[in-house]
Structures are given as structure tokens and as C-alpha cells.
């Protein structure tokens, strides 16, 4: 097989899916033009190239599209976060930055652009005695790893930049490396707060990588594949003809999703697990010594990581790009994916607006004493679920009941153990 | 159960998020430059001097340059020089009346101690400046504001002050008339400082700071 | 100083006042004739800076409470894009000196200012920051932060209302919008001849040494006979 | 609670050689205080804290007072010995007992530093008992016993007194400057403290500031 | 996980004998220690406070507070100005609670001069003091939660309510924060019926706000995990260190000056004093919430019973005021603890000695004791729960 041919297996999206492509047959005939729009557009762009060049052009396009799409999503998300936070706090948030040259107010839509312009033009400071190389590399590494994780998420039917057989593994490998970049930043800054933040980041990484991975294992087990595309395909069936068979709608899937969600909050350093960047304790944590565009890169990478984890959660548990109801399938799959992604991101922001931060020992305790056992038990539950796949009729509710009990019992027990000694108090009054 | 408190908290924030779109209790922002707070009548920021005749803002200042406010001002931000004629006779009006609003602590003590109701508190607060030395030292010319302006800011208080001043004037006129009638002496100067007003009786509808005895 | 005249007038003129500070269409056309790219760049640069003024999360005294109040729901400084109170000076654009600067604190304030990356701005909020205010005659009170730092906007008041701070912020935005990239009156951070670090005074046996930075601080004399 | 006189009696019984004086308060507040000699201050304080009838377990306020040297013209009754240096003598308020022969005496009252402790009892909810300790004079290494070992509340307050008045507390665990910087040499709350002359733009000067302004301005011309 | 705490200056926390104050810290014992200087510019030091923290990992083995960054010579200025002119300066002591500062100072001067206060003024003072208490405790809860890492939401809700109280203060006294309202022998102005109605409305709505606020915070598992069991203060140490206010009552010691001294007209009101049992950060938070609920009760009663009459004693003299020689110590239960003023008069228009007994300064005495063995994150919230205002700490 020629090299382009090999790669075309690796890059289904990248290998021209135009009308001329032999793979075009993979697409169901029912697909609307809207569903095919991204592919059509790409065909228009690269169709004129010789076939041996198309894979390269296509992958380049995929990369550019990914980066541009997520960079603009990042801009919107910063604004959305500030707006949502504002609304929760009974205020409007940024709403008056006018468009440049026009002096037109657009409900603050120009705000991220203004921030970007300012960040780009801000002086870049490297502290005396800092490790200049690492200080420079840290934001770049962080961004690079975050973008890598974005590559394996299926954004729509056949819309995946890199469809590896082991894409789930790839995702977590690349995702874990981001913490390395945080540690680099903390170490290189020559600042005590940064160093503390770096140590926290490492502790957090070690603690939360495990529940994150363990919560994914059941999905892999049930789907029988490490490929994200296959996992999404497997969730594409319907119960009783109309209920989606997403993994989150099973007892083990729900538990897995919750563990994954909490762990991904921690992985993306979001509140209530934003310990490395604990504003009220460590000034700005590992970012303390970063100014200007390096800081913006960090910020961007953090949001990319958040998007990637939410995208993975959607892919693994929420049916990926599948429509929630059969008759809604006419809406293009990538829109469904975007909708679910944004909803999850919204929950991230909602949580940020509501909760205080945990302490580092509580954070690790939550991981080791609650999430990890729960994920392990969930693995057993999944095994039970898998073994009883042929239970039917009256046994079916029994199967649900047992599985739910297998999750809820340990949840209550572990939860009680975790919150031992804590609780609401009653107070006495002086006589 | 672990998590109920968290869910309760999420419910509160969600209620506020939704409420911010329809409930004015949960959307309290004032779009400042377009919408401004309705300042209460009592609001005080920096002092100004009241003049009675809009045509002659400097000549008709109520201030007689008695320097009570200057000495009582806690941060000492008032500077007064009394105007004198060529012979050095005091003219009972300020020649220099400067207030350094970069020092003023808006405490209103100058207003309280002024026996002539000459200095009152302004409510203008949009005074950000790029030059401290030229912008924030207010001179007599900048401080002088009309009685109508005073009425606009503090209507209740101003009405009471006007009534009081009118009463004093009437009393003074009566006293003068009484004096002038028996002995045809040359009339005493009509400036209010010659005859400091008695402490006003607390009036029911317009609570007023206690006026101390005249110097 | 020329800004103060152009900035002080439109502030009260109505809803469009916020934009009223930027060059008028006519002026803009005039400028464009001289160099379209440069003016457009300049405008974009100034627009970006002025709409994204991130203050340093730094409170000194009473005024800091009003500064916090300005960022709270009632006044919401976020509307101007300035609610991002960065705790690290590296990411901040604006130093709001909100309260009394004591002599013990002054070196730290100047150090913070030095740690901020250019372009950066300074607002002296409240009487104490401007001149020492009511505490001016105290032995440990610095008589105005402008003895050591270049202050862009002075907001009098004790403490200024949150609206007054917002007003000062708008003045600052207007000032930024009026800055030139080139020419003799270009801002400090675009000049090669201005140093980036301001000297930090040292604790002496009786007072700070030196008691003022003569490069920043030239007070006019106002003779009084008393 | 017992009166201060009763407390003094009991203290004298317990510490026979202690110097204890009840200092009257001529003002309307009328709250007298107990002047304690330095050598016994700590043991007396411990007694007051632990005595079951008093249990003054809470030291609310610690402060220094600087009494500068004074020249006082006093009208003194010949028969009565001069009163101990009480709380500020006022030249404008002579006692009105015309019977005894009086004479005007010019007296030099040497200044001293004083530390005042306001004690209360949280257990028995009474108080205050006001303790005072005094230095002999105002010469510089002024030193008084620290009561921090008795009441932890004195720790920072005594440091503050040391910082602002320059009174060294013997027995204080951590006597450093607290409000001013370490390099600072003066004691600013003393009455004879002279501020550093960091005069600047003074547009509205009065009094001392005006004097300072005059010193700094080149010969002030006519008022403007 | 806990490392042995370094010997504090007071090994048992309590002073026993002078020999106990050995400040030696055996650093070899802990191995490599990290010394972090938190402040004076730090987001959670509530101003310009500084803590030099020595860390073993994240555990605190030593914590030395550094003060004076806001030392603005309040006492010296107080001795250089007249009695009346010091009144606006007291606003700036604890700049969240100007009304109670005013009252404490007025009480001290009234004691010094033997000045009586009309009944109506006493009631108005109680109303204002309790409003201030609501304001302070609400803000404190907001700031405390901000320190634990909330993204501003509780603080915003707290300030939303604070603005309502500030509106009341502003419409009565003319200023949002620096009220300068009390005078020797009464208050400066008489509240109008409209103002009283507005207070009534606020008081009626405040309970609802507290309910919602508690729903957001009090039951939150993260808040409980962060605050329960951290920064424990024992009653004996609290008493010895002169800790007052809600902090003291959180340790279970019943000492509220409103009950003990019964100043003003407080004996006429029915209210309870909530007491904690653990003395930890959560107790300190909850005591304040409960105190607010009691304050609402006091406000209801005071508004109901407010008598008619003069607001300022007609004989009171504020300008040219020269009290007789003597001294007086006046104290009240401020929202942060006992705020007192110690005045010595020598018969001149200026006080001879003007001393402020700042509650938060004295309450900071036990900061190190509470923080030893805890983490940096805890130190931040312990400091937050002490409720300091630097204007008062450093004066």
C-alpha cells in the first residue's frame, strides 16, 4: 500500500471524501447536504489537487479548521463565562466594548477581541533568574498538548481529524502531558507561589488521572473498542425505537459519567479544583509570572483542555454526535455535538459560579477515597451489566435494580466516610 | 447524602441566573453613565459656597470670611483670606477662599459649624482630573454656587435655611428700626456678621445640624 | 494635559458619551489621509487597550471597599471589560491606588508598579492616594503617590463613589484612545528614553529616602501669606 | 466587685512591700486606677488574674501615655503635703477651699512614661480595674515590666507601645517594632516627636503646617 | 499527614511563665522549609496585611504577622485635633462600620464629659449599630467565601444587600461609608418617618436574603470541609488573648458587651447570644449568621419602640468642647468585637491622649496559634474568619 493510502486509513476525514472518493460510499445515503457540508467544502478546496497531495492538504485543513474553530470558541467562551458569571451574580457582564472603527456596541461581543489585542501588545516579562527556556516553552507545550487532544474527538459523523484505533489512549496520554507543562511553568518562573502551584498541579495530576481513566474503562469494555468513532457508533441505537442508548442512561454509565465529570473538572483545573491557580491563596499560581501573550496562551490552552475533556465526555457517555431522538436526526450531527459540548461547558461555568475551592489534601482524599473506589466498583457493575446482557422480560428491571444498587450503595457509604465529622450544626444560646 | 448541599447551592445560583432576566431584585445593575443614581437629599461630597445674587456670584457670597470652618476643618483643607480695603479694614467677605478637594474628607463639619449658612455640601462627584494641581484646588470662583442650586440639591434643608435667614433679616430690620427711631444714630453696618444670628430652633420638618454659638 | 479639556466636556452629554471621546469622523479622515495603515493600527491598538483595562487586585484602605463595590453587581465595572481584577501584577494594566499609601507601604506599591508590564496606567483613587488626604499630616503617610509614580487620573473623594471610579475609568479610556503611536507626545511606553523601572525608596531612620522621585514629581509652589 | 481601695488592701496584705497607689480620676467618669510599682507588677497582675473573687482574666486595652515635663503653678495648702502626681493637673481649676492659708508654688513635675492596662473579668463579667505602671523619668532606655506572660492580649499592644513610645518591656517574648519599619529610629507618639519635614504642595496651610510652608517657600510675596 | 507543629511562642498557646517564650524554631527538624511572604499585596489579606509564612510542604510551621502598612497615625492626629474633628476620623478606622466606631467614640467622650444622651438618640444609635452589624457580617461572609475560592458569587450577593443598607446610611447621613453621624450627646440628624419605613422594609426582607444565602453556603459540603475543624481556637486561649466579638463567642465564651455592659438601651431588647462549641472557622461563620438573625429581632423591637423627642441633647456642645481633666474608657460591642476609646483630657480642646482599642488588632494575636499545622489555604480562610480591617488594625 502506498503511503498516502495508508494515511488515508488513518485520516478518514483527511482522505478526500469528495464524490470521487471510494470512501464516499460509507456515508449513508440519507445524509442531507447540510450533514455533508464540511466535506463538500473541503472537497471544493482540495479536490483539484492530485490525489497523492490531497491527504496532506486535507490534514492541513483539518488542523487549521480545528485551531481556528476552537480559538474562536475560546474567545466566545471567555465572554460567555464572564456573562454567565455576571448573570448569576445579578449583573450583565461585559456589554459595552464597541466594535473597532465603528463605535457600535454589540453586547460585548468585541470584548474578547479587545482583550486579545491588548494581550498581544503587552510587554513580555521574564523574571530575573527564571529558566528562560522552560518559561518560554511551557505555554507552547501546554497549547500543543491541548490541541493534540482535540484531534481524536469525533465532531460529527466521520468528522474526526485523527481516527486512531486507540484514540482514547492517545487522548489521555496527550491530556496528561498538559500537567507537565503546568509544572514547567511553575518551576521555571522562580516564584514561590508558582512553585507551590506546580507541586499542587502534580499532586492533582496523579490523583485525578486514575479515576479519569478508570471511569473510561467501562465504556471501552462495553463498546469493545478504544476508538472514539466506534464508541459513538455503539451509542447510536434506540431503546424501544426512540430512547437513545447513550451510555449515560445506564447505571454504570451514569456513575462513570459523574466520576469522569468530576475528574475532568480537576484535570482542567476548573473550580472547585482550581488549586494550581488558586487566586485567593497563590496569587495566580503557575501563571503568576506570565504576562502578555504567554499568559493568553495559557488561558487559551486551559480552555482548549476544557473543551477537549467536555468533548470526550460527550463522546464517551452522551452519545457523541448522535441526536437524542430519532426524528431529530435531520439536524446535522456536528450541530448536535456542538450543542452537547456547549451545554457541558455551561455546566462547568455554572459550577464555577457556585462553589468554593477544595483544599489540596481534601482534593486528593476525594480522588483516592471516593472517586477511585467508586470507579473500580463501577467497573464491577459494568461487568455485571455485560454478563446479564441477555436478561429479558421481568429480569430486565431486576438487572437495573441490582446495577443501581451496586452503584448507589457504595456511593452512600463512601460519601458518608468522606464527609465524616462534617455536617450542619446546631447552636446553643447564652442563657 | 453527599452532594445535597452542593445541589442546593447550584439551585440558588440557577435561580439567580434565571432571575436576572426577569426579576429586578436579581438584576441590580445600573448602567452608570447613562443611568445615574438618584442621590438622596442628604448626600454630600464636597463643599460649595452659597451666593444669593446670580448676577454677582462673588459679591453676594454669604461667607463673611470668619474662618470658623477653616479652623474646624479636620483635615485643614480650607484656606481663607479676608478681603480688606486700602485702609486694612475688614470687608467681611473672602478675598481668597480655596478648598483643596484632594484633601477634603467630605465630613460636613464646615457646614455644621458655619453660623451663616454660607457653606453647603455639593453633590457633584464626576470630577476625575488628569492634573492634581490645577484641577483639584477649587477657588472661590469655582465654589460659588447660587441659592437656587442649593435648593435643587437639598430642597428641604434649603427651604428651612431661607426661612431662617428671612426671619433674621426681619429681626435685624426691626432692631435697626427700633434703634434708629429713638436716637438718630448712624445705621450699623448691615452685614450679617455684625449681628451673628442666634442658634436656630430645631424645626420639625427640616432637621438641621446644631448651629453652634457664634464666635 | 491637553486631554483634560477634550475629555471633560462630553462626559455628561448623554448615552453616546462613552464613544464621544474617540476622534470624530472628520478627524479620522484627516488622519487617514496621512497614513491609513498607521492610523488604523493606532486605532485598533488603542481600542484594544482601552476596552480591556484589567486592574490589579490591590486594595489599600477605605477606597478599596468602594473599588470592590464598583466591581459588584450594582455598578458592575465588568461592563467596561475591567472586572478581571488580576492578583498578579504581571497580568494587570491598571494600578488603582485605592487608599492611603503609608511610608511603610510606598516601596511595595512602587515595586508592584515596576512589576507591571507596559502599557500600564495608574489611577489615584481618593484623597489619600492623591495627597495623603485627611491623614496628610501624619508621620507615616505619604503625601500623594504621585511623588513616586506617574499618575494618569486623579479621582478626588473620601472615598469617591463607585460611580466616580467608573467615571475615572472612562476618562482613562478616553485618554488611551487619544494616544499617538508616533510623534513627540507618544505615551511613555513607546519612548526609548524612559526607563522601565522607577526607583524604589528605602526605609530611612526618620523618613523614606529619597522622599520623592524628582523625575516624576515637580510640585508647583503656591505662595501663601497666611 | 470590690472597690479599688479594697483591692489595694488585699494586695498589700499579699505583697506587703509593693508600691501601690490609687490614682483618682477627677473627671465625670470617676474611674480611679491603681498605680503599681514595677518590681511587683507581674506578680500583682498574676494575682489579679487568678484571685477567685476578681478573676480579671481579660486584659482589654493596653496603652502608653507620655507625660512630658511640666512647670505647674499650684496653689498649695500649707498643712497638706503635696498630692502625688495625679492625672493631669489643670492650672485653670484651682481647688476652692479658701479656709487654709494658701501659697503659690512653682513646681517642676518631671515627666514620665506610663502604661495603662484595662482589666475585665469575662468569667465574672465585671470590671474594669485599671492598672498603671510608670517609669521614673523620661530618659531614653525607658523600661517597664511586661504583662504579656499574664495576659496574651498584651503581646501586640505592648509591642505597639514599644514602637510608638519607646518603652521597653522586660519579659516580653518578641519585642520588635510593629507598626513602623525596623530601621525607624524615632518614637512618634511621644509628645516631643518631630516629624520628618517632607513638606510638599500645601495649598491650604494653617498653624504648624503654615510655618512649615513658610520655611519651604521662597519669601512669600503678597497674598494673591 | 500532619507534621509536628513548630513550637509557638506559647507552647500550650497560653502564657504560663516568662521562660516559656522561647522563639527558637528548629528548622533542621523539618528539613527544607519554604518561607513565603504573603502580602502586603495579596488578594486575601483584606488590605495590606502581611504574613511571613514558613511552610513544610503546604503545612505552616511558623507564621509571623507584619503590621503597619496602613498605619496612618490615627492616634497622633487625634491628639492634634479637637474632639469633634476626630469624629470623622473614626469613620476611617474600621471603614466598613463607621456607625459603630462613631458610637464608641461618642460614648467615650460622653463618659469623659458626663454628657447625657436623649432616649430617641439611643434608639437611633441601636438601629444604626445593628444595621452596621448586618452589613459587616454579611460582607464578612462574602469575603470569607471569596477566600475559600468562590468566584465572587457570595460576595456579590453580600454586596447587593450591603448596597441596600448603604442607601439607608446615605439617605440619613449623607455618605455611604463615612457617616460621621454621632455627636456627643446624640445624633447629628433626626431620621424621617420615610427613612424608618425604609429600614422596616429592609429588615423584613433581610431574613429571606439570609435564608437564600445560607442555602448557597451553610450546607455546602465544600464549605463545611474547608471550614469545619480548621483554625480551632480554645476558649482559654481566646480569653487570655483578649479575643472579643463573634470570634470569642464562637469558642463558647458568653461575653457580649451588649449584655454585659448593657450600654445604650440594649437592656430593653430581647435578644439571644449565639454560642459556638468548636471554635473553628465554620463556627465563626455561623455565629455571625445567627447574630444577624438576632440583630433583625433587635431592629424590629427598636423600630417598634422608637420614642419621640429630641435627637441631640440641647445642652450638648460639640464645637469649642473642653471636657474637664480626667480620663475615660468607653467601649461597645462592635461587629468585630470590643471597640473602645481611651481618652485623657487635660482640659484643652484636644484630647491629651487618644487611644483606640481596635478589636481586630487584638484578635490577630492568636493568628499564628490557629494557623500552625494548617495549610496555606487554611491560613487564608482563618485570617478571613477573624474579620480584620486594616484601617483598624494599623490605625
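So that you can tell them apart, the chains are marked A, B, C, D and E in the order they are listed, and the count of residues begins at 1 in each.
FYI, a residue touches a chain if its C-beta (ideal position, glycine included) is under 8 Å from a C-beta of that chain, and two chains touch if they have at least 3 such contacts.
What you see is a predicted model, and the numbers here were worked out from it, not measured in a lab.
**Q** Where the contacts of chain B and chain D overlap, which chains show up?
**A** C, E
**Q** Count how many hops through touching chains it takes, at the least, to reach chain E starting from chain C.
**A** The fewest touching-chain steps linking chain C to chain E number 1.
**Q** Of the chains shown, whose Cα mean is nearest the mean of all protein Cα atoms?
**A** Of all chains shown, the one whose C-alpha centroid lies nearest the global centroid is E.
**Q** Going by average Cα coordinates, which chain is farthest removed from chain A?
**A** D
**Q** Using the stated contact rule, I'd like to know whether A-B or A-E comes out ahead in C-beta pair count.
**A** Between the chain pairs A-B and A-E, A-E carries more contacts.
**Q** Take the average of all CA coordinates in chain B, do the same for chain C, and state the distance between these two points in whole angstrom.
**A** Here the centre of chain C sits 29 Å away from the centre of chain B.
**Q** What whole-Å value do you get for the distance between chain A and chain D if each is reduced to the mean of its CA atoms?
**A** Result: the chain centres lie 67 Å from each other.
**Q** Taking each chain's centre as its mean C-alpha position, how far apart are chain C and chain D in Å?
**A** Computed value for the inter-centroid distance: 45 Å.
**Q** Starting from the mean Cα coordinates of chain A and chain C, work out the distance between those two points in Å.
**A** Here the centre of chain C sits 40 Å away from the centre of chain A.
**Q** Could you list the positions in chain C whose residues touch two or more of the other chains?
**A** Within chain C, residues 18, 57, 72-74, 76, 79, 87, 104, 131, 134-135, 137, 139-140, 144, 158, 161, 219-220, 222, 224-225 contact more than one other chain.
**Q** Among the residues of chain D, pick out those that touch two or more other chains and give their numbers.
**A** 179-181, 188, 201, 203, 205-206, 209, 223-224
**Q** Spell out, as numbers or ranges, the residues of chain A touching 2 or more other chains.
**A** In chain A, the residues touching two or more other chains are 88-92, 279, 283, 353-355, 419.
**Q** Could you list each pair of chains that touch one another?
**A** Contact pairs between chains: A-B, A-C, A-E, B-C, B-D, B-E, C-D, C-E, D-E.
**Q** Contact residues on chain E for chain D in the complex?
**A** Counting only chain E, the residues touching chain D are 9-10, 14-18, 20-21, 23, 67-68, 71, 73, 75-76, 111-114, 237, 239-244, 253, 255, 260, 323-329, 331, 338, 340, 342, 344-347, 352-353, 355, 357, 361-362, 364-366, 394.
**Q** Can you name the residues of chain B that touch chain C in the complex?
**A** 28-34, 36-37, 45-46, 74-76, 79, 81, 100-106, 125-133, 135-137
**Q** Quick one: which bits of chain C touch chain B in the complex? Just the residue numbers, please.
**A** Listed in rising order, the residues are 1, 3-4, 7, 11-12, 14-15, 17-18, 73-76, 79, 124, 127, 130-137, 144, 146, 151-158, 160-161, 163-164, 166-168, 170-171, 175, 219-220, 222, 224-225.
**Q** Name, in rising order, each residue of chain B that touches chain E in their complex.
**A** Residues in contact with chain E: 2-6, 8-9, 11-13, 16, 28, 40-44, 72-74, 105-109, 112-113, 121, 202, 207, 209-210, 212-213.
**Q** Across the complex, what residues on chain B touch chain A?
**A** 1-3, 6, 9-10, 12-14, 16-17, 19-21, 26-29
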